[in-house]
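What follows are several structures.
In what comes next, chain A is part of two complexes: it sits with chain B in the first one and with chain C in the second one.
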Partner chain A sequence: MRGATSAKWVAGAVIVAMAATACSTSKEGDGKAKSGGNITVVLGEPQHGLIGQNTAESEGAEVLNALFTGLVDYDNKTNEPKLAVAESIETQDSKTWTIKLKDGYTFHNGEKVDAQSFVRAWNWGANQDNAAEGLPFFSKIEGSDELAPGKDKKPTATELKGLKVVDEKTFTVTLKAPFSQFKTMLGYNAFYPLPKAFEADPKKFGEAPIGNGPFQMDGAWEHNKQIKVKRFENYAGGKAKLDGVTFKIYDNLDTAYNDLRADTIQIVDKLPTSAMATVSQEFGERYIYKPESGVGYVGLPLSTNPEAFGKVEIRKAISMAIDREALTKTIFNGTRKPADDFINPIIPGYRKGALGEVGTYNPTKAKELWTQAGGVPGNKIELGYNADGGHKEWIEAVANQLKANLGVEVTAKPFAKFGDMLTDLGDKKYKGAFRMAWSMDYPAAENYLRPIFSKVAIDHGSNYGGYVNEEFEKLMDEADKTVDPAASLKLYQQADDIIIRDLPYIPVFTYMSSSAYSKSVKNVEIDAQGRMDLANVELN
Partner chain B sequence: MTDTQTAGAPSTGTAASGPAGGKKDEKQERIASLWSDAWRDLRSNPIFLIGAFLVFCMLVLSAVPGWFTSGTPFAANACTLQNSLKPPTGENWFGFDVQGCDIYTRTIWAARNSVIVGVVTTTLVLTVGGALGLLAGWLGGIMDSILSRITEIFFAIPLLLGGMLIMSGREGNAWTVSAVLATLGWPQIFRIMRSSVLQHKNNDYVVAARALGASTVRITLRHILPNAIAPVIVVGAISLGVYIGAEAALSYLGIGVQPPEISWGLMISDAKDRFLQAPHVLLFPAAALSITVLAFIMVGDAVRDALDPKLR
Partner chain C sequence: MGRYLIRRLIQAIPVLLGATFLIYFLTFALGGDPVQALAGEKKADPLVAAMLREKYHLDDPFLVQYWNYLTGVLQGNLGETLNGRQVLDLITEAFPYTVNLAIVAFAIEALVGVTAGIMAALRRGKFLDQLVLLSTLLVISIPVFVTGFVLQLLLGVELKELGFDFFPVSFNESDGFKAYLLPGFILASTSLAYVTRLTRTSLMETMRADYVRTAVAKGLPRRRVVVNHALRNALIPIVTFLGADLGSLMGGAVITENIFNINGIGGLIAQAIRLDQGTVLVGVVTLLVLVYLLANLIVDLLYAVLDPRIRYA
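Up next, the complex of A and B:
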């Protein structure tokens, strides 16, 4: 997901006074009965129709989270997967998984949530003809290559070979290779079920989806204005306490923040940067500041420019020459925290201070390592970034620090778009260091390692540095096969240690999310995906 | 500005053309030279004096910025994040920007790019526009028609819009920006020069010079040019300020001078996002830019008043 939506929000926040959002002055639900009531919360216009399989950005996911319930859900605090619609998810070899469903879950139209409703959804998402954003999530399932053979080729099947319906409440999933983290993946919205009604007209379905979650649609999606949902009375999980929620669509977070202060809306889960200086004072306990899944790196093109970045001492020197503490405090106003592991702090398996010495600012040692290794050819480094995402300031700060601490000439090189930089990296046209970021697809340590540093990710993934290490591959494969969660996590951590030793990328900071809610609501929690846990919210 | 004609000034321009009279004569009888009159006028014009003083400061500043600051913004340790956005103090008069760089040092050093762009562009525009205008006005006929049509094509392109179009995808520095601005700016000077020459070329002294057998080159350079150049100089001085502003605008949009070079436009662009948090970061380079542009316009204005006999 690489944080595309946050970039969009940043851009939106810059264009102050452009938004002519009509502010509704009625405080819905204010002063009504204690149970029930309605609230309004912030949203950005979702990118696609509201179909779980076709949503890979935060705004659509926010609404889908209220409308759907997946097989598993994540604990708001520990981020461990817990069963939701699934009664049990079992495997002997991490390759074949048997999934049993709970009784009682129905779609909002009364249709039962059965095994077929999951198989239907996944087959649709895995088929490249549907061009669903979530397609890569199905690539681990056996038969996915037949449904997604690649560009200019036609799918040769319409159903995933690896999915078998055993009975109404049971189905099995066979993966191409053992993958111990499969259960963790299943909470992601690409794995949500779909009812029969979806098949008639997916496009229309996306405007007013019929889900199986605690809330159901209250009228269709009013584009660029709002999406209204109301409580689903027959929900088999914990029934929602509110009568209804209006997702009001803003294109400017500053406006949303002002509306929150006026209690016109009750929850804003993405505060604008301009609010950061005063929000904790103003909202006190109603201000939620917690880590988010993103990690920001300085990437190094190991395979295309080994002359400069091939030596590990050089990479360590660069890492130790960056003052992460000062960077996150000044440039980011505390909306980032210094990174101290390749695995994000919210993920099970994160170890505090895992980076150790290389993650600690030490200009003297950095200069020493740098000189010992002989520096880089020409004593010049380029530092690429995309100019559309608000990265200029921190990249220039890093450039200044490297200049001052290593005595190297550093040029910050802007690319118009993130895609332009990735294309130049892929074509091996760009040989400088580059900014990179990763935000999780599902809360597993594996998700911070394999998609970025494995050999296969050079062509099918995000290994833009071209790092390859057989030892790492072996450990990852072994961890994928290991059924016992604790043992498998240990292996992932060993793989993480290899990455820390080799330092193919330099982790600089992790993201923090900041949200606030008004006086009229309570029990507001933000989950690790940055979504509001709306089912538990109550009016004061 | 086309009313700045110098009709009837019958001198060849050099001030010391009077007979050997000495200082006493000078006091009793003013030497009737356009330029000496203008100079006399300017010396007592406070607007000119202030403007000229500022322009002089700017020129010294950009030639030897080291006289005014102890450091340079290009030093390896010029910026320290710990100083980020600190307000002005007695030691650091302008405070620090978001990267922790001293704004005073940067503002002083940024003057160089602005002055380079202003001076180089104006020189180019005066040379190219002036020479072609002289040619078109003097030769007339088909040559004049061709040159005038070409000018009109260039004249139709707005300065900033054209500048953005040409600069995008080109490496930006003071020299390329000057070249682009000059490419778009010369038609104005061409037109003024041409009309000025047309006005002068049938005057008596020109006819007299021709009757005496002076060559075309001599007549053009010795008689026409010195008389026709006054309005060109006025426009040149005023547009120098405009070009400095245009450079800042292009840099602000990210297509002018590029980092690590510094320019006031770049500094303003970098500071705009945090204006509410730290206004001083934006205000100082903006003030420097305004003062410089104002100084050149003041000088240009004063020179125009001095050279225009109708206003005297």
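Up next, the complex of A and C:
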């Protein structure tokens, strides 16, 4: 009886399936191998108007990447900077830089991309009255203090002294101090140009920006719904192959993933955790899995709690008591890799296994170091994390490993939000260890050191531990001044060695990006920032 | 009736004021830092953060902030988010989707629920009754997000592969009414089960009442007995439930909207909580209080229609 019913069902399903294939083949027939076409891709609602200078998060950056082209771009494989709008970027002393622009680049409204369009954009971003998220990126340029004198003060200038337009296609940048990584930094979206039209109404501009990239806006941003862009025909770089792209805005990645499975959308560059177990099976070659720029740490409050974490042996013991291999495999399903350098593996200057002994799981040695150093007061450690970002599991796993290997009592302490933890750390209300993460602004070894471990970063970056080391500062300055890229990188690596020796934070894992695309598209590539390289995508 | 209506509307004013104060106080007491939330996992630049705090008066004392907010509201200004969007715009953008979804869900739950309830009540103990009881129990016991994702996968992905594209995975304006069908059903499902069971019980009880027996004895057709005499009385508790539910449908669809990517009020609330956007939260929740008040008023007025003994003066 039961067999008979299910047989009926199967027969029914087969008929339905046959009918379905019949109609879908006829559909596919007309769309075959033709260039152009439209696709839909995933996006989260950007936090700010679409202005490069005011965008510091990944969703806005994703759209800006399609709409704008900066002076430099990064190679998808090596992450080395390569010239884009710039014809040449030259310097003698790493302090004064001469930037020449290529011919032929125009904004989507036909206006030429000239030296002034960069100067205009940077002056706007550097002015504190605009409260743009990208403001700190201009602090290296001479004259930035006059545009950003601080709260309760008025800017005394509207133009950066360090920017000089030489002619239509040339301008010079004078920095406050030499900075060898300036050219690499220029690919960041805060350095994108802006057309004249921006000045009239920046707020309105942010809803439908006029850029100079391979795609232009197709109507205004429909908040929480979608952003539509279409191919810019007069693009001087490699023209886009698709006619248009719709960024569909999702709140829930699981929904986006189901839409991808139904081929309603074609690319998802951030897969939900629930998909990780089956995605490679389901998407095969259309599943992209590659290292990404993020690093996850366990941070230690050196300055507020030296009694517990002041001794380097204690920090080493903690690091060696963490089984990174097991953690990344079991908790993260391989979506993270064990960290073995403070510099991320995708960055020029990364050295495999640089952490050496301290990055290797060794519970015996860890316990030895721990006991020799006398442990921590009260034999207790707190491990803080923000409860809204899926960190509970790995923090608790680390807590358990420390408990088992060091015999110390560890409590995982949840904070509602990341910001709450930062506030409590800043107010010295919380003195325990904490989870921390960094992902780059631009692919340079320097960007994995200064914003996290320098003196400046205590106020202006992610140095929540309050780590200060003069030797490190000196090496960083030295590297900034060195014009020769190889010599400069070497100095940054030496600075990295000091961080490895001192271990102010304990690097635990680096991130992997996982994306997938549907059958109807090809040539999908994801760059190191986790953005889709949409200009090259084609329909099948 | 008119005076009653006016009295109720006047009563709504202090309730609304109290609600805004309470919600404003709660979001303020919750703490959270909208400036940091905007910057994500990197530390907000101190200068940029200070400029934003100054611009949006985030460092003012609570009562000053509340007063500013209230005077703004009286002038029709519900405030602005940190990224420069008007809260009123956010609400007017989101509300139509929520209303459409609520109407679809409400229609499903009222029509299907009451019909199934009546049928079950009239066939007490029979197969149909058992079936209704069992299926409603099932619906009540499975959480909405499970039903939501399972049906999304089955109907949106698997069925589409078979060529039936009736239930899109996520919401698309161009799909029109079709886009609301599955989310509406999911949203209605739990209430639907309650309405069914409530109708069943209530009608069964009324059917045993003396006046119904009289009506039957008088020789009235069964249809007339059930519809005009029994059901009309039996509907009172159901209308109460449906009225309250309309209020929660308007604002409580956080999960369903999230699963089907409908950018309605539920999504707005979730987003505001995530980004510590107090002003958005106060605006939306106050609106929901208003909706509840109106829904309850309508329910109270409906009582008089259903039961002639109830009169308002």
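Assume the second predicted complex is superposed on the first by the 508 of 540 C-alpha atoms of A that agree within 3 Å, B and C clash if a C-alpha of one lies under 4 Å from a C-alpha of the other, contacts with A are read in each partner's own complex, and residues count from 1 in each chain.
Here is the rule we go by: a residue touches a chain if its C-beta (ideal position, glycine included) is under 8 Å from a C-beta of that chain, and two chains touch if they have at least 3 such contacts.
Everything quoted here is computed from the prediction, not taken from an experiment.
> Which one hits more chain A residues, chain B or chain C?
C
> One more residue to check, A:48. First (chain B), second (chain C), both or neither?
second
> Answer with first, second, both or neither: which of chain B and chain C does A:380 touch in the superposed model?
So A:380 meets neither chain B nor chain C here.
> First (chain B), second (chain C), both or neither: which does A:82 touch?
Neither partner.
> Identify the partner contact of A:404: answer first if only chain B is touched, second if only chain C is, both if each is, neither if none is.
It touches chain B, and chain C stays clear.
> Where on chain A do chain B and chain C both make contact?
Shared contact residues on chain A: none.
> Which stretch or stretches of chain A touch chain B in the complex?
Against chain B, the touching part of chain A is residues 14, 274, 277, 323, 326-327, 330-331, 387, 392-393, 396-397, 400-401, 403-404, 407, 411-412, 414.
> Could you please specify the touching residues of chain A with respect to chain C in the complex?
Contact set of chain A toward chain C: 13, 16-17, 19-21, 23-24, 45, 47-49, 56-57, 128-129, 131-133, 135-136, 148, 150-151, 203, 206, 223-225, 248-252, 254-256, 258-259, 261-262, 264, 388-389, 416-420, 422-423, 437-439, 459-462, 464.
> Applying the document's contact rule, which stretches of chain C touch chain A when the two form their complex?
Those in contact with chain A are residues 31-33, 36-43, 45-48, 50-52, 54-55, 83-85, 90, 93-94, 149, 152-153, 156-157, 160-164, 168-170, 172-173, 258-261, 263, 267-268, 270-271, 274-276.
> Tell me, which parts of chain B touch chain A in their complex?
76-82, 84-85, 98-101, 254, 259-260, 270, 273, 276-277
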